[in-house]
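I'd like to ask you about the structure that follows.
Just so it is clear, A, B and C label the chains in written order, and each chain counts residues from 1 on its own.
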Amino acid sequence: MKYAFWPGCVARGAAPELYKSTLAVAKHIGIELDELEAAACTGAGIISDADPYLQDVLNARTLAIAEQKNLPLMDICSTCIGVHSLAREKLENLDYRARINERLAPEGLEYTGTVEPRHLLWIILEDLEEGKLKHLIRKPLEELKLGPFYGCYILRPERVLGFDKHPHRRRSLEAVIELVGATTVTYDGMTKCCGFPILTSNKKNSLTMTGTHLAEATDKGADALVTPCPLCHLNLDAQQADAAKVVDRKLDLPILHIPQLLGLAMGLEPEDLGMNRHVVDTQPLLEKAHIL
Amino acid sequence: MLQHDVLIVGSGLAGMRAALEVAEDPTLDVAIVTKVHPLRSHSGAAQGGIAASLSNSTDQDSWELHMYDTVKGGDFLVDQNAAEIMSREAPENIFELEHMGCAFSRYDDGRIAQRNFGGHTEPRAVYAADRTGHALLTVLFEQLLKRGVKVYSEWYALDLVLKDDVAQGIVAYDILTGQIETISARAVMFGTGGYGRAFRVTTNAFASTGDGVVMAYRAGVPLQDMEFMQFHPTGLQGSGILLSEAARGEGAHLLNSDGKRFMEDYAAGRMELAPRDIIARAEQVEINEGRGVTEGKDCVFMDLRPIGEERIRYALPSVMHLAKDFAGIDPLVEPVPIQPTAHYSMGGIPCDINGQVRYKDQDDKPVVGFYAAGECSCVSVHGANRLGTNSLLEAVVFGRRTGRAIREQVKDLQPAHVSEADAERATTEVDRFMTADGEEKVGAIRSQLRDLLMEKCGVFRTDGLLTEAMNEIKEMQSRFENVSIDDHTKTFNTDLLDAIELGHMLEFSEVIVAGALARRESRGGHARTDHATRDDENWYKHTIAYKDEDGPRLTYSEVNMQPQYRDPYPPEERKY
Amino acid sequence: MPQQKFRISRYDPVQDRAYEEEFDVEVTPGQTVLDALNLIKWEQDGTLSLRMSCRHAICGSCAIKVNGQSKLACQTQVDAAQDRADANGVIAIGPMGAQTVIKDLVVDTTKFMSQFERAQTWLQPPEGQDPPQREYRQSKDSFDHWSHASSCIHCGACYSDCTVAEIDDNFLGPAALAKAYRFVMDDRDSQHDERLEMLSGSGGIWDCTRCYMCVQACPKDVLPMDAIMELRTEAIKSGKTGNHGTRHSKAFAGGVKKRGRLDEATLPVLSAGIRPGAIPELLGYTPGAIRLLRSRKLFAAAKRHGASKEGRREIKRIFEEVEDQKHHDDMDAVAFETLHEEALKAH
């Protein structure tokens, strides 16, 4: 199984543990990744604030590169999957597509709408042979109670995320938590916003959101959160201490990336999954799970 | 004990337009009392358009033609001075609304667009996609906000207080707190809407329970032409939810079970664009004669496909979504099952072209200080049947005229006073429901009433059915005395309001049936199989109904044949 | 006929008690949640309180939460709600969020409604100028561009689910901002610039966290968040750039232009702006930076990974071509028009 692989900016930047664990897990499962070195940042909806057309061109290009390789496309970030999916909707408009292809033509690229970007989380549930993943789970995380934190763009807007064809995607995180043998902790905040997009422009609101969701999950008994979005991860993990101050609560909740969750359950070494690169210490969690 | 110079009950188009007009004089203290937030008013449900002879789509139009279409559309029961003034003032009212920012659809050159509509000879329906009512309601509310008019939102008016034929104010109920309040005002205007909820299949909101009409009736003001109920031909199967006439204006076809465009047999000239009452009857005949569709065979089909997907998405998005969301039918790929649905109340509180309520049979004496406009009023600009796009127009034109009249007259009116004693009836009624433990349930009686009127006072009426209806209504009125409710608290008691509204429905239903029984002819929305033709010799007159001890007492008043700027249109055979 | 269980979050104002109550209702296919609630009200418990009027999604009265998501009760089929019911098949019903509950499903809408006044969402034609004799000529293109936003029925579902309104009363919220958009884009309004100035300030367009809850909740496809985003583009074009959001966007784009990837190292600095007022903010980043250092994340970020050499070249070319194109074509408008067209098809 081979995929065009878009790691996103944060996995190659401030969340290197996501990149590391993705490669480790892919190798272990037998998935070959062809990383799109030439592709650009999706713009995350921030480039489009000033320049929506520009953002669409950059994303059409990424999709076109995958098309050229004739490979399905894998994202590992909720924000990337959201932005790619939204771009795809706009690119269904042939007039617009033509205007965008004008910018791609000099590079010999053309967007034709044949590639469907999907998150690793969906690929795990949709592409593996029945039972294959179950077979790979050597170390079920039965001791752990895990709270999902989806990240907005892997849930909304539903119309671009293929939910009508794949309704299971609405609960994809919960499915994976169940798959690895852990217990899901449901809480209101799990489908809400972490506040990352407004971290620099309205820090108080941003961290209020972060802190509120962390507190709620903690109160419901979660040992850790799992998130498919490295941007959420930054707010939930790197900003946890500041968030705790804003909501006036003690918080100590480690945040896992999807491939880390899978890797631990498949028996991979914590260090190979970058578990030591978190701001909120993951050691107690690993001890609870009898991994350390 | 509250007091204002002017009190307007109802915050739909008529009420808000009047309020804005009164507020032009900053020395006047005007307030609106409304049982639902203004943005929830049923005016917002209108879809198709608002008529005006702007001649943006054609150069063949004129106010005279609009007036003629209106008079003929009303089967000649229309007061011609009213039709004249509405047609003449329509264009300036449209431009005024547009200047306020109304979101009207446009032509490429930026002018307001106009389209065809049933019963109108020329395309004069100004529209905002197919949410015209919503666009008008929105712009008037925006202006209300801008002006800062006081609104008592979610206050339920219970009684109109008159003393010696002079308005004093109202008794109202604050839904949030359960408090009963008296509000004195020298000028009281009702813009309280229609009464379609008494029919099982209806386009009307839950709120359309004829409250204002009944309050006036109970206060001694007669009601006019109550028997004329419009059954809109294209209500969605089952619920009766409105699918706009605009669909037919854009080119939709009506088909029976044989796939035939049956309107050819009833109005070959206008086909699907004949007036609503004619189409509703045609549908009912097709259904009664076994050519209906769906399992219950109680519908016909409206097929939008001839219009084309692009135009449907652009000009009829609401119709498309309504069919999908509420009947599970996608009109882009299949025809939609529809049926006649109780839609518009031609009858109501009698008033003149300035909104002044009058005893039209008693030398035209005014009820000083009491005004009405919009669907709750009967000017009568629609006569026996209303043309589509004339209701939004009526509300705006007469709302404005009434507001202006109030603004000019209120300072000459005597001070008004509503006393504690005036609140006694309402207080007693509320107390009764708060303590009653009778066997009867509101839901059951209401359901029975709605079925009754649909079946026995619906599209086709007969003496036998109407008499049965009257007896059943009396029996239900008696059972209503033993009604009890579940909620006995003061905060936001919707259970209580449901009971009060049922009382209103039982009251006006009697007036509708009485008028229908007495009128031995067929005219406009009142169609009888035992008197199937229009009888101008005996029935060229308006019904006036007073509340008496044992029921409505009927008299009649003349149709106005004195337009100011041209000769009246003499009654003629109504063919399309 | 099948029985469906509903669990309703109720509130009794007399006893000041919030509680949950379950009801069983016999539902026929095609019935809506409103139908079911009315069956409960009319046949089982008349004290169940909710607002409703038109029952066909135009009056906006009946917005509630169904299975945790804000919707119009009348527009939600029971079948569809069943798909998202809990593990036991029970459909959860509750009042809207971000607003005080008065009783059961009835909330106090004052806070929501007041946002429209705050945002001055009414037409402000040119002052001191008489309107034309007939209509203002409004171009069809202008009307077509914003008319979907004018279909708002003020139901509050967007505000109820808004993740910012939930924690911040100062935020104007999606409905008021979408309505403000409708007037900014209406060429009959004379306050285009002034509105953008106000909307770029506190509680306005830059306080939106881009979570898409409002787009998901809106029963009329107003696309509020997209309206907010278009306001951002419009505000930047109009020179309202002295704010964090604009600096953030430009800094972000600048980083991607250089190396094809987000430049986390310089982003916070450039977002704050190179100005005296930014010093407290920059100092505020210090604890976070130390934390990142400790976890050795900052080294990774400092490495400033970028796209491949060829990629960077093409990306730079694209940036330059797009910049150049701006002088001839309003591609922003085209981008938003395309978005509206494709998004509205989805219903």
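Here, a residue touches a chain if its C-beta (ideal position, glycine included) is under 8 Å from a C-beta of that chain, and two chains touch if they have at least 3 such contacts.
What you see is a predicted model, and the numbers here were worked out from it, not measured in a lab.
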Legend entry - Two chains sharing the most contacts, counting C-beta pairs only: A-C
Legend entry - Central chain (by mean CA position): C
Legend entry - Inter-centroid spacing, chain C versus chain B (mean Cα positions, whole Å): 36
Legend entry - Between chain C and chain A, distance of the C-alpha-averaged centres to the nearest whole Å: 22
Inset, instruction - Take the average of all CA coordinates in chain A, do the same for chain B, and state the distance between these two points in whole angstrom. - result: 55
Inset, instruction - Please give the residue numbers of chain C that touch chain A in the complex, ascending. - result: 68, 83-84, 163-164, 166-168, 171, 206-213, 215-216, 229, 232-233, 236, 243-246, 248-250, 252-253, 256, 260-262, 264, 268, 271-272, 284, 287-288, 291-292, 294-298, 300-301, 304-305, 307-308, 310-311, 314-315, 317-319, 321-322, 325, 331-332, 334-336, 338-339, 341-343, 346
Legend entry - chain C partner contacts - residues on chain B that touch it in the complex: 36-37, 39-42, 44-45, 54, 94-95, 98-101, 103-112, 128-129, 131, 134-135, 138-139, 142-143, 145-146, 176, 205-207, 238-239, 241-242, 313, 317-318, 321-322, 324-328, 441-443, 485-487, 489, 491-495, 498
Inset, instruction - Would you pull the chain A residues touching chain C in the complex into a rising list? - result: 9-10, 12-16, 37-41, 43-54, 56-58, 61, 89-90, 92-93, 95-96, 99, 103, 106-107, 152-153, 156-159, 167, 170, 188, 191-193, 195, 197-198, 200-203, 205-206, 208-209, 212, 238-239, 241-242, 277-279
Legend entry - Parts of chain C lying in touch with chain B, wherever the complex brings them together: 13-14, 30, 32, 41-43, 45-47, 49-61, 75, 102-103, 106, 109, 113, 116-117, 121-123, 125, 131, 133-140, 143, 147, 150-154, 182-183, 186, 188-189, 344-345, 347
